[in-house]
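Every chain is named by a letter (A, B, C and D) in the order it is written, and numbering of its residues begins at 1.
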Amino acid sequence: MSPEVQVVIDSLREEVTRLHAELVRYNLVIWTGGNVSARVPGADLFVIKPSGVSYDDLAPDNMVLCDLDGNVIPGTPGSERSPSSDTAAHAYVYRHMQDVGGVVHTHSTYAVAWAARGEEIPCVITGMADEFGGPIPIGPFAIIGDDSIGRGIVDTLTGHRSRAVLMQNHGPFTIGVSAKDAVKAAVMCEDVARSVHIAREAGPLIPIPQDRIDSLFNRYQNVYGQGGDDRR
Amino acid sequence: MSPEVQVVIDSLREEVTRLHAELVRYNLVIWTGGNVSARVPGADLFVIKPSGVSYDDLAPDNMVLCDLDGNVIPGTPGSERSPSSDTAAHAYVYRHMQDVGGVVHTHSTYAVAWAARGEEIPCVITGMADEFGGPIPIGPFAIIGDDSIGRGIVDTLTGHRSRAVLMQNHGPFTIGVSAKDAVKAAVMCEDVARSVHIAREAGPLIPIPQDRIDSLFNRYQNVYGQGGDDRR
Amino acid sequence: MSPEVQVVIDSLREEVTRLHAELVRYNLVIWTGGNVSARVPGADLFVIKPSGVSYDDLAPDNMVLCDLDGNVIPGTPGSERSPSSDTAAHAYVYRHMQDVGGVVHTHSTYAVAWAARGEEIPCVITGMADEFGGPIPIGPFAIIGDDSIGRGIVDTLTGHRSRAVLMQNHGPFTIGVSAKDAVKAAVMCEDVARSVHIAREAGPLIPIPQDRIDSLFNRYQNVYGQGGDDRR
Amino acid sequence: MSPEVQVVIDSLREEVTRLHAELVRYNLVIWTGGNVSARVPGADLFVIKPSGVSYDDLAPDNMVLCDLDGNVIPGTPGSERSPSSDTAAHAYVYRHMQDVGGVVHTHSTYAVAWAARGEEIPCVITGMADEFGGPIPIGPFAIIGDDSIGRGIVDTLTGHRSRAVLMQNHGPFTIGVSAKDAVKAAVMCEDVARSVHIAREAGPLIPIPQDRIDSLFNRYQNVYGQGGDDRR
């Protein structure tokens, strides 16, 4: 690896460690569940959480560096560990979606609840239109062991405005231009899953007209934040 | 600006920073969502949160000073940043409601749920009668881009006892004699939105007679607290 | 006051301050709501929270010492403040229930929800049989201004196993042999209010036979804990 | 006791103390409720929480050492205290299930809710198939005073994939190869109790075919984590 790439990897190890703490802060994960990964720009590599390690014990040096087939790069820090059991799904996404810089998976409560019914989350709140540009879709039922989870994510999200997919009976996977952006999508996905669930418990929801959803989404993608791209 | 006004502004920058932490403490906001502003007494100015900045990074010096049309005052601390994307709505409220000293906006879960159904929160608990003097009303559907959010807040709350309005499909805006008072209204609004939602899930609610609501509201506005006006 | 009573009062000021932090820890209160008081053994006095003061600012020296009519004892620490707006209700309880050493009031979410429907909480979990010996009853609708809240508490709880009453449309008041015991009752009251609410959302509850409730209550009152009376 | 066993006991006292803090972290317990125990390998002994002691005050030296009939071992640290009021149930489990190294009991909210209806939790999410291999079963109604709680746990879990049982009208007991493994089961039990409850509130759940549940359970038991057995 070139020294330049090495510097980027070291920085991503710190960023991915820090982002896992955001999953804890927002109550999206328990025990050792959930995982964040970040693509290494300019290299066919990504950094991901080790399998079965407590959130308290995560550190830059135990993050695992993998190639885009999900193989651990030998001789790098963390390579003595197994990467997250969802590594194959992350790798599949990076291989098939070039613009994706980060992937997140959780079993957050309300998103899992929609997934257990196989029901997409309707877009009835303006904050959801901002962030996801419409409903959050359901992906197919798929279990670990082949490429079916990764393929389900890619097939569902390709050409979709949403950066989140609820894999049926399983839970949310989110993507982003960066790992931070994917973590934001995971946080917002649970928030809208909860708000819309609670809203609908008590009576019919008022739909938002499609053209207003479009306006909100377009403005938010282009105008919000401090110029530049605060999602990277 | 006169030195006297400058001292007030500096103090409000600290106060508004501190009050944003209360939104976090009471779980009313996630990521960079939500915002608090405070009018500068004796000047046509207000202090507001910058757009798209993490709550961890808020500080007095990155709060943004605006005039009552929502324009950033150049050359002041924070003026290199964009103010909150809800700045136009805050400015509209300050222009049209002279007694308002603070404005707060959040996407707190239960308040958003009532807003997604376009349903006002009925006044069935004495703590809500104390604080809001009756139901919390719904404002019109409106999206960012013109004065329609600000106008919806002002039209709904003018002459109303409630300091909170639930903008349809969007979320709560609250006002107060000070920024602290508006934050209190945001905290209490979510609390009653949650309690009344949960109460109604399980069966019919007992109404409170209007004359008792009036008594509770009048007492609370005039007697509660340590004399003086502890809301400022 | 005798030096012996003064020592007891000083100790209760610390205890009551510490117990207010338990209300925060268990999410039973927000902003300045809720209050704890403790009777001074051997004197017609009690210590109570000041009105409208933030939980962060509570300290032994701003707790207010009152006589059993709810009058502040002049010249004592905290006497420059108004006592809790619920002081008259606490005082009424101390005057009429000699064995009560502590009183707590909160607006905790699930207890308030049952109160807004005027529905007692049925005893369907063994932990509730242990702690309350049966259902948690509803008290009458009453508002601040005369003795009606205090009388409602006393009338409902006199001769009842429960140390908690849900005042209709208002919220829970709890009593105990000590302030700590009353705080425990407030914590357990919200816990069972929440568990039983959630249980019943999903289908019919299995009743516990009365003789088993009696067995559980009797054992818990007599055997649990480290001998002596760990509730004091 | 041999010095070797003494070293193991000292280590388990620290482990069990630390694991009680996990019950607090995951909001499974309040006040002094809930308890964890650990079998002492190579001796007919186990370490358990004392009765009625605050979680803040737990320490290795106040954990209580008992034999497999639940008798406190005199002259050991903590032996001046009563062990948890659930000690007889823990002891019964250790006597009758040789592979159990740890037992946990809580009154966690959603698990208690299923228990109050006497309804097993159906296996509709993949994370639950991983961890429990099928539904979480209901045990009989039983109260403290004889061996009926312990017998109910053993009868229900013997030959069952699940490490958790919901004792009717009472709450969850979990077992594991170690105390840590039993705590993990308690944490995951509440998580799936909550997710499945919320899912079902809003409509029908999609079942997972039995052969996929089998695949998920087998993979998770054999492959997950960092090799070896990270549950010990």
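Structure notes:
Here is the rule we go by: a residue touches a chain if its C-beta (ideal position, glycine included) is under 8 Å from a C-beta of that chain, and two chains touch if they have at least 3 such contacts.
Model, not experiment: these values are computed from the prediction.
Overlaying subunit A on subunit B by C-alpha atoms takes a rotation of 90 degrees, rounded in steps of 5. Chain centre most remote from that of subunit A: C (centre = mean of CA atoms).
Both subunit A and subunit D derive from one sequence, and where they touch, under half of the residue numbers involved are common to the two copies.
Note: centroid distance subunit B to subunit C, computed from Cα atoms, is 32 Å. A straight line joining the Cα centres of subunit A and subunit C is 45 Å long.
Along subunit B, residues 201 each make contact with two or more other chains. The chain pairs satisfying the stated touch condition come to A-B, A-D, B-C, C-D. Remark: subunit C residues 30-33, 50-53, 81-82, 85, 107, 109-110, 112-119, 141, 143-145, 168-171, 197, 200-201 touch subunit B in the complex. Interface residues of subunit B, counted against subunit C in their complex, comprise 26, 124-127, 184, 187-188, 191, 194-196, 198-199, 201-206, 208, 212, 215-216, 219, 223-227, 230.
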